[in-house]
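Should a chain be cited, it is by its letter among A, B, C, D, E, F, G, H, I, J, K, L, M and N, assigned in written order, with residues numbered from 1 in that chain.
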Amino acid sequence: MSDMHWFVILSTVGAALAIAIGVLAPGLAMGKAIAQALDALARQPEAEKAITRTLFIGLAMIESLAIYVLVVVLIILFRNPLIEYLLK
Amino acid sequence: MSDMHWFVILSTVGAALAIAIGVLAPGLAMGKAIAQALDALARQPEAEKAITRTLFIGLAMIESLAIYVLVVVLIILFRNPLIEYLLK
Amino acid sequence: MSDMHWFVILSTVGAALAIAIGVLAPGLAMGKAIAQALDALARQPEAEKAITRTLFIGLAMIESLAIYVLVVVLIILFRNPLIEYLLK
Amino acid sequence: MSDMHWFVILSTVGAALAIAIGVLAPGLAMGKAIAQALDALARQPEAEKAITRTLFIGLAMIESLAIYVLVVVLIILFRNPLIEYLLK
Amino acid sequence: MSDMHWFVILSTVGAALAIAIGVLAPGLAMGKAIAQALDALARQPEAEKAITRTLFIGLAMIESLAIYVLVVVLIILFRNPLIEYLLK
Amino acid sequence: MSDMHWFVILSTVGAALAIAIGVLAPGLAMGKAIAQALDALARQPEAEKAITRTLFIGLAMIESLAIYVLVVVLIILFRNPLIEYLLK
Amino acid sequence: MSDMHWFVILSTVGAALAIAIGVLAPGLAMGKAIAQALDALARQPEAEKAITRTLFIGLAMIESLAIYVLVVVLIILFRNPLIEYLLK
Amino acid sequence: MSDMHWFVILSTVGAALAIAIGVLAPGLAMGKAIAQALDALARQPEAEKAITRTLFIGLAMIESLAIYVLVVVLIILFRNPLIEYLLK
Amino acid sequence: MSDMHWFVILSTVGAALAIAIGVLAPGLAMGKAIAQALDALARQPEAEKAITRTLFIGLAMIESLAIYVLVVVLIILFRNPLIEYLLK
Amino acid sequence: MSDMHWFVILSTVGAALAIAIGVLAPGLAMGKAIAQALDALARQPEAEKAITRTLFIGLAMIESLAIYVLVVVLIILFRNPLIEYLLK
Amino acid sequence: MSDMHWFVILSTVGAALAIAIGVLAPGLAMGKAIAQALDALARQPEAEKAITRTLFIGLAMIESLAIYVLVVVLIILFRNPLIEYLLK
Amino acid sequence: MSDMHWFVILSTVGAALAIAIGVLAPGLAMGKAIAQALDALARQPEAEKAITRTLFIGLAMIESLAIYVLVVVLIILFRNPLIEYLLK
Amino acid sequence: MSDMHWFVILSTVGAALAIAIGVLAPGLAMGKAIAQALDALARQPEAEKAITRTLFIGLAMIESLAIYVLVVVLIILFRNPLIEYLLK
Amino acid sequence: MSDMHWFVILSTVGAALAIAIGVLAPGLAMGKAIAQALDALARQPEAEKAITRTLFIGLAMIESLAIYVLVVVLIILFRNPLIEYLLK
């Protein structure tokens, strides 16, 4: 059953690296958006409502990208559809 | 059935890395667009409607790029058209 | 039929990586264009019509680049013209 | 039981590198957000409440990305669902 | 017919990567040109005609670079002139 | 007992590199936050209390990222849960 | 005829990568030149004639660099002078 | 005793590289913080006390990151807990 | 005649990559020079003659660098002086 | 005694590279701190005492990082504690 | 005569890559110098003589660097002094 | 005596690369410090004494980093303490 | 005489790459110095004598670095002192 | 005498690359220092004496770094102290 081992090992390592790489861009994007929101708040405090609403919608959009990666990683770890070709 | 194992393993790892790399650019692009939208809101609060509309259309365009990657990844994981050459 | 396996595996992995890499530049370009459009809207709200029209034409041009990559990837996954040399 | 060794070794190393890489983006993003919050405080001290609230929500969103990585790492170290295929 | 397989596999992967890499520069260049055009529109709305004309000629020039790559990729996929040396 | 050696060696090297890489982002983030705090102090000395409080909360958040890495490294060095599969 | 295969394969892949890499610099250069031309138009609309003339001569010079690469790539694909040493 | 040699060699090299890499971020962060403190002193000499206190707390926080790495390196060199598995 | 094949293959690939890499710097340099010329034209239209003359001499100097690479590449493809050592 | 050779060779090379890499960050940090101190002196000559004191404390902190690396390198070269496992 | 082949092949490839890499810095330097000369012309048209003279001397100095590389490449291609050790 | 050769060869190459890499950071740091000192002199000529003194102390500190590397390199070339394990 | 071939081949390739890499920094440095000299001329035409003198001394210093590399390359190509160990 | 060949070959290549890499930082540093000196001259012509003196001392300090590398390279080429272990 040596081949099964390779499948398990590489899936595990691939999942770990994928989530680690996959949060890079969302992380940097969030940092940029939040920093700019704070800057906007400091310059125009009375526009707080519009700024906060736009920021939250934006963060949700960015978070969705991280969720895509997390979903693929969890599919690979818990319920890989390709595994049926190995168990047959 | 050793070859099938290689197919499953490399498809899994390739899919994980592809989605991780594929959200890089959309993530950074969203971060930039949202940050600029917040900056625009702070400078011209009365143009909020035009800014929000342009931002949402832009985010949808960027999201489409991430969706392209996600679709290819899901095709590979769930219904790879090339697999028929292996099962014959 | 071991060679066919290599063809299927490398096509799959190549397609996944190609679409992941291929959306990098369009993503960053869209982010830049949209961010600048928002900045232009904030500075010159009355030029909204010209800005929006130029932005949409530009986004379409950029999107065309991502489509080129997607088309090549789908050709490889679904109807690779080179495959006839393997099935003969 | 040589294969089990490879699984343990690569899981351990993969987990260590994944958490090390996975805190890169959240770390940089936090640094950027906090720095901008301090700048905003210095420019608009009276908006402290709005700034602090936005900062904390933002830091929580960013922290969530690091938590995603940590969770995947801990799953791999303590309760890897793929391990059942090896123990059968 | 093992050599033919290598030819098909590497042509496919090479074509996929070439189009993915080849749209990088045109994509970034378009993003820059469009962003600057929007900035120019915001600063000098009455020069819209000259700006738009220059932008479109420029985008066509940049697009030509991506077309070069696409043409070479399609030649490789559909009608590779070097293939006659293999079929003799 | 050659496999055990590989486990010990790679765990040791992996732990050393993980902590070395893992302090990169927290280090840079702290440098940025502290530098900005000093800049804020110089511009708005009377806001010292708010600046210091925000800075310390921020540093604690960033430190938490480094602690995540340190904890995983210490788990690997002192009490690796995966080791039970090797000693059985 | 195995050596001939290597020649065909590596020529094909080399040509694909060369054209992909070779349009990088011309693409970025065109983007920069066009962006600056648009900026110049916005600042000095009455100098449109001189700006356009200089831009077109410049784009032609840059295009010549991409043509150099394309010519070498087409020579390699269609009429490689070194091939006579292989057919003798 | 060849395996023991590999353990000693790789531990030594890993420790040397880990401390070399691990001081990168703290070094850059300190440079940034100190440079900003000097800039702050030049702009607001009368805030010297607050600046110096914030700087020293910050340097201590950054130093703690370097200490984490140093501690792990010294543990590996002088008292590696994993070594008991090799001496049994 | 296997060695001759290696010579032909590597010369072909080397030539393709050399011209692709060799136009990088001239391309970027031209882009910079032309962009600056356009900027100069916009700021000082009456100095058009001096600007154009300097630009053309500069472009010729830069083009000479690309020509150096092209000449070496064509020497390698069409009339490699080292080939006499192989045909003897 | 071939294993001892590997130990000596890799320790020597590792020590040389570690000290070479380890002075990177302290060097850049010192350069930044000193440059900023000179800038501060030019802007606020009368604050020379505070600037000089802060600079020297900062340089000592940075130097400590280089010393950490030097100490580990000298331990490896002159008195490696792990060597006892090899001489037993 | 297999060794002679390796010499010819690697000299050819090395020469091609050396000239391609060797024009990088001169190209960028020329681009920078010419761009700055154009900027200087636009700001101080009456200093054209001094600017042109300094630019030409500078371009000649930079060109000399590219010539160094070209000379070494031509020596290697046409008259390699080390070749006498091979023909003896 | 083949092992001794490897020791000599790798020590030589390692020493050459270590000193080449080790002067990178001190070189850049010196360039930055000197450039800033010249800038400070131009802005505040009457503070020449303080500037010069600070610059020289700074250059000495930076030079010390290069000396660390040089010392380790010379130890390796002339009097490597680890060599006694090889000559026994 | 196979070893002599390796010596000749690697010396040739090493020399070609060394001169190609070695002109990078002098080239960029010259470009920067000349560009700044032109800028200085445009801002202070009456200081032309001092500027030109400083520029020429600076260019000579930078050229000396390229000469160091050229000398080592020519020593390797024409009169390598280590060659006596091979001819004995 | 095959080992001696490896020593000669790698020493030659290592020396060539070391001097090529070792002039990188001094070159860039000189470029920066000279450029800043020219800028300082243009802004404060009457401080020419102080500027020139500081520049020359600085250039000498930077040159010393390149000399360190050159000395180690020449030691390796002409009088390597480690060679006695090979000739015994």
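Points worth noting:
Operating definition for what follows: contacts are C-beta pairs under 8 Å (C-beta built on N, C-alpha and C of every residue); 3 or more make two chains touch, one makes a residue touch a chain.
It should be emphasised that the depicted structure is a prediction, and the values quoted were computed from it without experimental measurement.
The minimal number of chain-to-chain contact steps leading from subunit C to subunit F is 4. The chains that touch subunit F as well as subunit K do not exist here; no chain meets both. Rounded to a whole number, the gap between the C-alpha centres of subunit J and subunit N is 21 angstrom.
Between the Cα centres of subunit A and subunit E there is a gap of 30 Å.
Contacts with at least two other chains are made by residues 4, 7, 11, 15, 17, 19, 21, 24-26, 28, 30-32, 35-37, 39, 41, 43, 55, 66, 73 of subunit L.
Taken pairwise by the contact criterion, the protein chains form one closed cycle in which every chain touches exactly two others. All chains form one closed ring of contacts, and listing them from subunit J in the direction of subunit L gives J, L, N, M, K, I, G, E, C, B, A, D, F, H.
Those residues of subunit L that touch subunit N in the shared complex are 1-2, 4-5, 7-9, 11-13, 15-17, 19-21, 23-28, 30-32, 34-39, 41-43, 45, 48, 52, 55, 59, 63, 66, 70, 73, 77-78.
If you check the complex, the residues on subunit G that touch subunit I are 3-4, 6-7, 10-11, 14-15, 17-19, 21-22, 24-26, 28-33, 35-37, 39-41, 43-44, 46-47, 50-51, 54-55, 58, 61-62, 64-66, 68-69, 72-73, 75-76, 80-83, 85-86.
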